[in-house]
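Okay, so here's the structure we're looking at.
Here the chain labels run A, B, C and D in written order, and each chain numbers its own residues starting at 1.
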């Protein structure tokens, strides 16, 4: 089908998703820091104030707890809020709100109605700006009851998943990656599309090893797959896209084919999402372990804080060559 | 050796550990909410004000972020602070301080000196008081670079580990369990002893299955082992005691003997400590998987918030019979 | 401001009902087997929810103070005493009366936090929502003197001030947060001074005086409703009992509680209304008997309300494992 | 209060040095390849750290404001300009000069947070420590006008007030937090009104006036040191440049910055001192030349300081995997 498309980078795709949903549903409102004054710290909300006015977008003081709490309050009272946190480490400033209020509060008290709130944020890692700015919080978000966790890696996925997030009746943490915002433009269909949660996407097919990852690491995994290809190793790259819910069946299917599993993420290895992915795989395919061609492996950031130095961060966080090396050690 | 002993419950053992360390080292100071006015919310600090006076113990307002931040500040300036959080969920109110300041701040900025701070808290689960009060935060603590995580289950261990924590030069999260505070008294040596971090303790030897757990769940695992024993199944119960550092070798040794591994915890299963324990096991004994007699299993709280109801909590959190059933399904 | 006679009687009735409700909670808790998780009594502090609920519209948002005041939501239009009791025991009739335990968005109750003060931002969100929706609703968010120091309460006030939101903050200053006397943690005598730092009006009022409370809350709520933005009311009262069961109260000076018993809002308001001829002896007797009967009835009814079951709880979830 | 002549000259010299330091940072950053992570310029706001450091003892604790002021620690006794520059590039000579990048407990710098305001409680801890150790040390904790709204800054003030700690809070009010004008997020004109809510003294002062700053900081630090507890100083200044590289400043009214350039603290203080005969033309020229030379030298020296290496970083860790 020759659909009409438009060329957008990831932040433009997110911006478009927001606008489309705001046009479609008057209950969608947006708030956070510098969304109007600067069009968002990375132009995420550019043009929204101009189009929708002060009843639909609000600039707040630097109050992250309040932003997340307000998302809860708005979602309980007839709106469908999208609250922005300027970068993903800031979930730590609003941790009780994110982990215990948004995800579980109403059900703890016995109320089981909808809570259509989205918290939209992005990981700022990969620039050597230190632990405080680079936190990749997905493992913690996954450990909270009641939160869906979305981590896109392409403009196409970001748009379709953000729209799904806004229409979801449960709280969603939408965690993009700043390093991808201004990447290459992609051809995005002009016609509306949604991407359902819980559907992994095979970003590259292969037959010797399955690399499971998400967010910015997908691109490193793809680069590694290119390199491996040159060396005669065919890697399949599975992008989970959403961590809760998690599509483990696609992983199982892939590993049944390849016989090898490597999980890669940017966040710290210890107690990271990789451990959960591996456990889910084992639970879903207990017999596979007996016949796999190599032990399952995970690759994440070393268990130390990210030094605020572009010279050191690449030695702590997995890079393309680390992925290549890890795969080769499995073969 | 017939040492002299004294009968103490767990909170008395902790109280004794604090006092011994405060006598030994004038730099040890203690602060938190209601430590003087009420002797601690559960008598943890009873008698400390009377013995050591206002320069060694301080009551704060209800300001959890400040308590943890002050522990950092005191530890950087010549003291060895023990900051109290009234219950473990409150780490969420101080999350940036715990996860990004205490554990990693100084190293993020390139300073690698000591930070002898202890945060002492306890899990309040098991009483049906809801997610807000019952959070078991260890998976999140483990995911933070730079924090040691201690979770004792007996009076003997609590005393020896708390003393080690206070003498450690790195930040330590000491997470006790309120439900154990006033349990049966144990014979505690009068003579001083320390328990090193990173040494699991086999609380019961067995040969058919290894149950790895920690904190209050050790007691449920022991009860399950009793029950299993009646049914002819011999379970070994490994108490990790500290999660960071983690003694995976003891687990490996045990599983080599039993051929079966069940990991149990009170915290939510998804992205819980169980996943990390299982991954570490796989990494330490990759070949074991091929020969184990049953797939590895984990048992944690269901992935929903704890309802504030004593009638429902036991159906969400693993109980003795759940452990028994899980083991039987493996055999 | 003259309080309409009917309002006065309603508030008196609610004070009496609140007192009986408190006793009923204590009775049920003491009897055990009630699925009740803890007990934080509120005797002597009932005037505050009574006055607030007398001012609010049915669709206004209200968060009573901290750990001890939630059952007193029964004073709010749409709730019943049975609900207050059932909520305390985590029982619920889904959709009966349109609410489940303590949360009922259509009646202005959107949640509460066991972690003190974290519900502040949630209710600020309701205020933002009311403003964006131009619904004319107002929020009253109450917390204790201990809780008022917490970070999220501060951020709530910051945002409410910055965005001129229709919310009234109330501090229920009962002189203690657990074992900590208010004077140990505040260097200000009058907690309403906090308002000065945010740039909205603040006032302290006798929290055991129903009339003063009603008038002040009305003034602040009316201002908020007409676009005048937030305000802070500090209601001075006293925690007559222990913080919760098990608290030996070693920190409390002898005789202090006795002094405060003399300011008990219930006999005090009764006297006021009798002085004005609004209440007669006969009415007092009847209201008392009615309230007692209602509390007995509500107690029984609440125990009939089914416990929220594991199945109810698990039904909504999407990744239970 | 008469400022000793030597102090005046020291502060003037530091103002000039600070200006050259700022230019050197810009130069190194612009040249690239410096391992410098971002650039948040502070031109026009230098009077604040200069005055604070002129008051503090070597062992007092000091946290300069937010993201832009850390290099200006060079004014504090024990630090050098090279250190300020090297810190900005995450370079360190372990133990040379007794400090590593920006953290040096023995010189009163115990850390900083990239997440705004979270260092407040850390420095309150230093103040508690000073009090418990009876060391006579004082803490000055500075943050921006935007940051001052944050939760941890509030809890810091609450605890400092409650425990009468030796800490002076300073808000470096440069009228903006990123794109947000201060007036959009505060309903108070004078940010020092915040102090009223905590019960300690507060004052606003011209943050571009070295003399006023010095006198106020001295008064507040002396009071804190003698047991008088915390205080709040708001230093009114202006962020003359962008928030950081890449900020197009679409939010800034035309002409506003130009007005503030007229209040630049450097020529202003020069004029004051020349009027008093403390500074002469010749001295001005020499100080200028010295500072420029020092900055050039420091720039070169800083680039010689080794980058903190992966091996340094990993050495201390105990569970790297």
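The rule we apply is simple: a residue touches a chain if its C-beta (ideal position, glycine included) is under 8 Å from a C-beta of that chain, and two chains touch if they have at least 3 such contacts.
In this text, all values refer to a predicted model and were calculated from it rather than measured experimentally.
The set of chains in contact with chain A as well as chain D comprises B, C. With B-D and B-C as the two chain pairs, more C-beta contacts join B-D. Put simply, the C-alpha centre of chain B and that of chain D have 41 angstrom between them. Mean C-alpha position of chain C lies 45 Å from that of chain D. Chain B and chain C, compared by their mean Cα positions, are separated by 37 Å. Mean C-alpha position of chain A lies 31 Å from that of chain B. Residues of chain A in contact with two or more other chains: 60-61, 63, 65, 89, 92-93, 96, 100, 105, 107-110, 130-132, 145-146, 244, 270, 303-304, 307-309.
Shared contact sites, meaning residues of chain D that touch two or more other chains, fall at 90, 113-115, 118, 149-152, 155, 158, 162, 184-185, 308, 313, 317, 319. If the chains shown are joined wherever they touch, the resulting network links each chain directly to all the rest. On the chain D side of its complex with chain B, the touching residues are 61, 90, 92, 94, 100-105, 110-115, 118-130, 132-134, 151-152, 155-156, 158-159, 162-163, 308, 312-313, 315-319. Looking at the complex, you find that chain C touches chain B at residues 35, 37-38, 90, 113-118, 146-147, 149-151, 177-181, 184-185, 247, 250-251, 307-310, 313-314, 317, 319-321.
Residues of chain C touching chain D in their complex: 149-152, 154-155, 158, 161-162, 164, 184-188, 193-200, 229. Looking at the complex, you find that chain B touches chain C at residues 33-34, 37-39, 41, 59-65, 89-90, 92-93, 127-130, 132-133, 269-270, 302-304, 307-312, 315-316. Of all residues in chain A, only 89, 92-93, 95-96, 99-100, 103-105, 107-110, 130-132, 135, 139-140, 142-146, 244, 267-268, 270-276, 278-279, 282-283, 286-287, 289-290, 295-296, 298, 303-309 touch chain B in the complex they form.
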